[in-house]
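First chain A sits with chain B, and in the next complex the same chain sits with chain C.
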Partner chain A sequence: MQELIVILVDGLVFSSYLFMVAVGLTVIFGVMKILNVTHGSFYAFGAYMSATLIGAYYKTDWPEFGGFLAIFAAALIVGVFFGIILERGLLRFLYHRDEHIIVLATFAMFLVLEDVLLLIWGTDPYFAFEPMSLLGSVDIVDLTFDVYSLTLIGLAAIVGLGLWLGLTKTKWGKLLLAVIFDREISQAMGINVTVVFTVTFVIGAIMGALGGAYIAPTISVSPGIGVEVIVLAFAVVVIGGMGSIPGAMIGALLVGISRAAAVHKFPEIELFVIYAIMAIVLAVRPEGLFAPAQARKI
Partner chain B sequence: MRHVDKTVTGLTIAFAVLFLADFFMAEWVRFIGLQSLARGAVALGLLVLWRTGLVSFGHALYFGIGAYAAAMLTLIGYHDAFFLVFAGTLASGVLAFLLGFLLRRYRAIFFALLNMAFSMILYGVIVKTEELGSTDGFSLHPPTFLGYAPQGEAVQTTLFIFTLVFTYIVTVGVHLYLKTTLGGMSMAVRENEIRVEYLGYSAEKVIHVKYVFSGLVAGFGGAIMALAIGQVDPDSMANWNVSGEFVFITILSGIGNVGATYIGALVFELIRTYAFEYAPQIWQFILGGSLLAIIMFLPDGIWSLVDRLRKSEG
Partner chain C sequence: MNILKMGPGKAGLLATGLAAAVSFAAPANAADEVVMAVPTFLTGAGAPAFGVPARNGAEVIIEAINKGKLPAPYNNSGKGLAGRQIKAVIYDESGGGVKQVAEFRNKVQKQGVDLFVGYISSGTCAAITPVAEELKMLTIFPICGTPRIFEEINKTPKYVFRTMGHATADGVAEALYVKANMPGVKGYTGINQNYAWGQDSWRDFDLAMKQLMPSVPASDKAQWPKIFSGQYGAEISALMLSKEKLVHSSLWGGDLEAFIFQGSARGLFRKKDVLFSVADTSVYRLGKKAPFGSILGARGPYGIFAAGVDTPLNNWFRKVYIDRYSVPPVGGSYQAAQGVLAAKYAYDAAAKANGGKFPNKDQVIAALEGATYQGIAAPVHMNRSNGHQAATKHMIGVLQWDKEAGEPIMTKVTEFGPDCVMPPPGVNGTEWLKGGMKGAKC
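Moving on to the complex of A and B:
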């Protein structure tokens, strides 16, 4: 029983983390049909920027809790900057090309940004634990969890709910749904698809950067974090169904809790349990658990 | 007069020249050559699939299986290159045959990602297996060749000739396969699968056969790579970015010609080696930049330059 609770809490925290890194990817895929490998760079840049800003913030004698603002500022700066540069500067020239070519172009961009990251921040790890130590820790059935990690669950819920409400209740969201459903017809109806694409990509980028920025205080921010996260995000998005926000949530929960269970029960299978789930789901339901059915065009 | 296959003639001449060059080649050139041949073989496997419009983002799976199968056999005392490469190739082929039953049902991005999922399972297994050196991998004994056990530089010279001969056989084999009716179906499947089915062919079967072929050559490439480097490790043999590099080589070469994959692999290897040598800080930057440049300005790969040249001639 005790172990079950630990697995559940651990799993929920990890699921929230997965959801945060996967949701941006799924939004971009849903609207633009682009599998964006650069998402890993958004995450990494978000983490580095957040670590830097937090470090700078705590050198001043401003109120302690303001450090949290630094996290969100980092995500915004990184997301807006890279989102606009990448979409306007690169991707828009490739929309007419084969989908695999676009994936490869984002892979190339990922390689480029990996080195840009090293050039800016070097190879030494960064630590920005202040926001985490500020919140302290709490005991759940004899086990100590840090409160900061638990807030991740709340953040994931807010982001998920916000995106879902924005998509279904606002005018902008409805335009977006129209574009998701049929790009050509929406264009014919007078929706400015170019702007929709840019805005979507920037939102997706901010989400990716926020994932990295928020997780930064709990990890040592070091080279290579982008490579790890990108396959995790892929797995979650593919399991839930590419382009579906509820799907990303279910996928994240499935993967997060199974991984937590594996870590506690069979640590040796921890790494591949994620991909095993992905392979099984794809084998049974290739479009993912939540993807809408597509008409076959002859 | 019998029809002469230009590609086979070209390949024969190219490999014969390389064969002779082996006796004069500097050691580092041979090392780059070996790696190019190994990677080129995997790209050849991807080309076979790409002709059908399918791209795999997980061929590091077969590359890794080939490499690790060969490497693991050296752990239990087998060192014969013929046996190791044959075993690596076969292991990948068998796996491709089995997974093919599942994968042949998928197209487009799902095919690409399901492949990646399987390759990451392999990666996860290797990383968690202490007996195989986990993330560090392990190194191999120099191979022997049917009882001949060369020493020092002779190992690489012999291995190069060995690799050349087998790459030649594999490449011509794939080329001839692509010219058969079954191989020729690929374009038809890519253009309109449903019509192919109406004509009475099974598109899934075409894809399955192709998948096994591509698995076999990728495993071959992996086994060669393990012998060439004398070391296997998960991050350079089975991780997802290795798969990405293979797709990169395929784009670089274009899918027009089987021989072009080796030129593409060589160009890739040169970019990588020189970028790493002269600009270790930004070698990935250079690699990614070249890939972007190719995608933007040379969308059909290096081989399209040859075609352009031909057109301007007449």
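Moving on to the complex of A and C:
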């Protein structure tokens, strides 16, 4: 019983991590039909900015819990800055091009931004463990867990719920859904698709940066972290269905809990599990678990 | 254009142009210099832990060699390699084996490189070995750890050398340390990255433990996280729930540091005895966040283990390194410098044997094969794999924080001789371990 509960907790924490790194990717794909490889850069810049701001904050005498604001400030700064620069400065010139060209362009930007990151922060790793230390630990079924990692579950739930409510219950969300459903008709009906695209891309970028910013206190923020994330995020999004937020959530839960079970019961296949799930889902349902069926225009 | 119909003037112009083109294709390196390619991780996850410290270590030593400023025992060896200045071509090892093989060929065939001293990743070393032999290019691996280089990939190397012990030595030294210092250990488990280095490290430690402490069982649930995964919540839970108290880990770099942060927050290092193979790369960076009380190795007598080695060469190296980079040299810094010193030793010895004339490649190789030369922290014995594989002493200890000095230090250090931890010449490491480590001189 203890092991089962631990698997569930471990699985939920890892699922939340997966959801946080994947949700921005799926939001952008859902609205703009862009597979945004630069998402890995948003994550990495979010992590570096978070580590920098947290480091600066804890050099002051300000209240300790204020350091958490640095995490969200980092995500906002990185997401808004890179979201606007990339969407307005690059992607808008490519919307009429083939989607493969856009993927290549975002991949090129990812490579450029990896070098920009090195230029700004160098190769030395950055540590920002203070928020994690601050929250301490808690025992669940006689096993110690750090509270900070558990808060990731709450954050993922808030982000998921917020995005879902925003999309289904607000005017802006309905405009977005209209654009997702049919870009041309939406434009003909007077929706400013240009603004919708920019706002969506910025939201996706903030989500990507928030993933990195929130994870930063638990890791060594060092070169290359964005590369790993984009592969994981892509796997989760493909399983859930490209562009589906509930899909990303279910995909993350499926992968996270399966992986946790593998770690505890069959650690040799931990790595295999994630991609095995992806392969099975693609074999049975190539569009992913939750992607809506696409009507073909004639 | 028909060359046969050209006049002598046009033909001369064409010949000049062709000559210029050729000189661009293979740039003429000065006759009084030796072009040394130094591939190391300058970007990506391997850069902070190994790549950049290795580059720094190589830079310090190359600069001193060129100026003739090396202390004893190299203080009377003159400037450069056998009198010729080193022209270092330092470049990024990132990108994987295929890219690096292409770059290796490019450096050899178009840029006139004379020798390579570098490569950190075991995967890259494995890919480069056959190509270096094919192109007859003197190549010194100073760091990569997989035993497979000379045990499987090329058993009779001529042009490839490795100037430090391989993973078998790490596993044997660790198991010997456990046997001597933890006689009451009842079982062991592990967390190692799921690729060549992690698998080799666990295999050799496990095989050595089976020989040295046969009654102590290994867990069947050792952990195999993906390299660079960065998230270890489930693995830490599994380790904490396991009945084994001893945990073996060859994690390195960002993975190691993330594991330490996440493990510390959950009390892992209070509950378990963790043995880290290569954690020396991170101890200075982590400062007070390092897992004090853990058992540590540095793949030999390097990094923090060399802090107390009182020789002119080591004292000079540490001082110059710290003055320049503001951090103490770690394992990779020592190992890269040791690789460059192998070239210094070999060129100088070959020139001496050649009557003072600059030696050719075969003479340099002959000088290095089977030689013993002085590394920064300890002698290096090139006496395995037909004189191409080094053996050095090994050190394992317990990490503690020195309150007075305000820095991490090693305590309870045990030193193991090269013939204790490395398989004897001509013997495969795995077979040696399975056969009871016959011939080990401990």
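Assorted remarks:
Just so it is clear, the second predicted complex is superposed on the first by the 296 of 298 C-alpha atoms of A that agree within 3 Å, B and C clash if a C-alpha of one lies under 4 Å from a C-alpha of the other, contacts with A are read in each partner's own complex, and residues count from 1 in each chain.
Assume a residue touches a chain if its C-beta (ideal position, glycine included) is under 8 Å from a C-beta of that chain, and two chains touch if they have at least 3 such contacts.
As the structure is a computational prediction, the values presented were derived from the model and not from experiment.
On the superposed chain A, the positions of chain B and chain C overlap enough to count as a clash. Legend: residue contacts after superposition of the two complexes on their common chain; A:103 is shown touching chain B, with no touch to chain C.
Shared-chain residue A:223: touches chain C; no touch with chain B. In the superposed model, A:283 makes contact with chain B only, not with chain C. Of the two partner chains placed around the shared chain by superposition, chain C is the only one that A:11 touches, whereas chain B remains out of contact.
Residue contacts after overlaying the shared chain place A:35 against chain B, while chain C stays out of touching range.
Of the two partner chains, chain C is the only one touched by A:133; chain B is not.
In the superposition on chain A, A:124 makes contact with chain C only, not with chain B. Touch criterion met: A:114 reaches chain B and chain C at once. In the superposition on chain A, contact is made by A:234 with chain B only, not with chain C.
With the complexes overlaid on chain A C-alpha atoms, the stretch of chain B that clashes with chain C is 129-137, out of 3-11, 39-47, 57-65 or 129-137.
Judged by the document's definition of touching, chain A residues 114-115, 118, 227, 268, 270-271 lie at the interface with chain B and also at the interface with chain C.
Of all residues in chain A, those touching chain B in their complex are 35, 37, 90, 93-94, 97, 99-101, 103-105, 107-116, 118-119, 227, 230-231, 234-235, 238, 242, 268-272, 274-276, 278-279, 282-283, 286-287, 298.
Touching chain A in their complex are the following residues of chain C: 42-45, 47-48, 51-52, 194, 221-226, 228-231, 233-235, 237-238, 240-241, 253-254, 256-258, 261-262, 265-267, 285-286, 289.
Those residues of chain A that touch chain C in the shared complex are 2-3, 6-7, 9-11, 13-14, 17, 114-115, 118, 123-125, 127, 129, 132-133, 137, 143-146, 148-149, 215, 217-220, 222-225, 227-228, 259-260, 263-264, 267-268, 270-271.
Considering their complex, residues 55, 57, 102, 105-106, 108-110, 112-114, 116-118, 120-121, 123-125, 127-128, 192, 194, 239-241, 244, 247-248, 251, 281-285, 287-289, 291-292, 295-296, 299 of chain B touch chain A.
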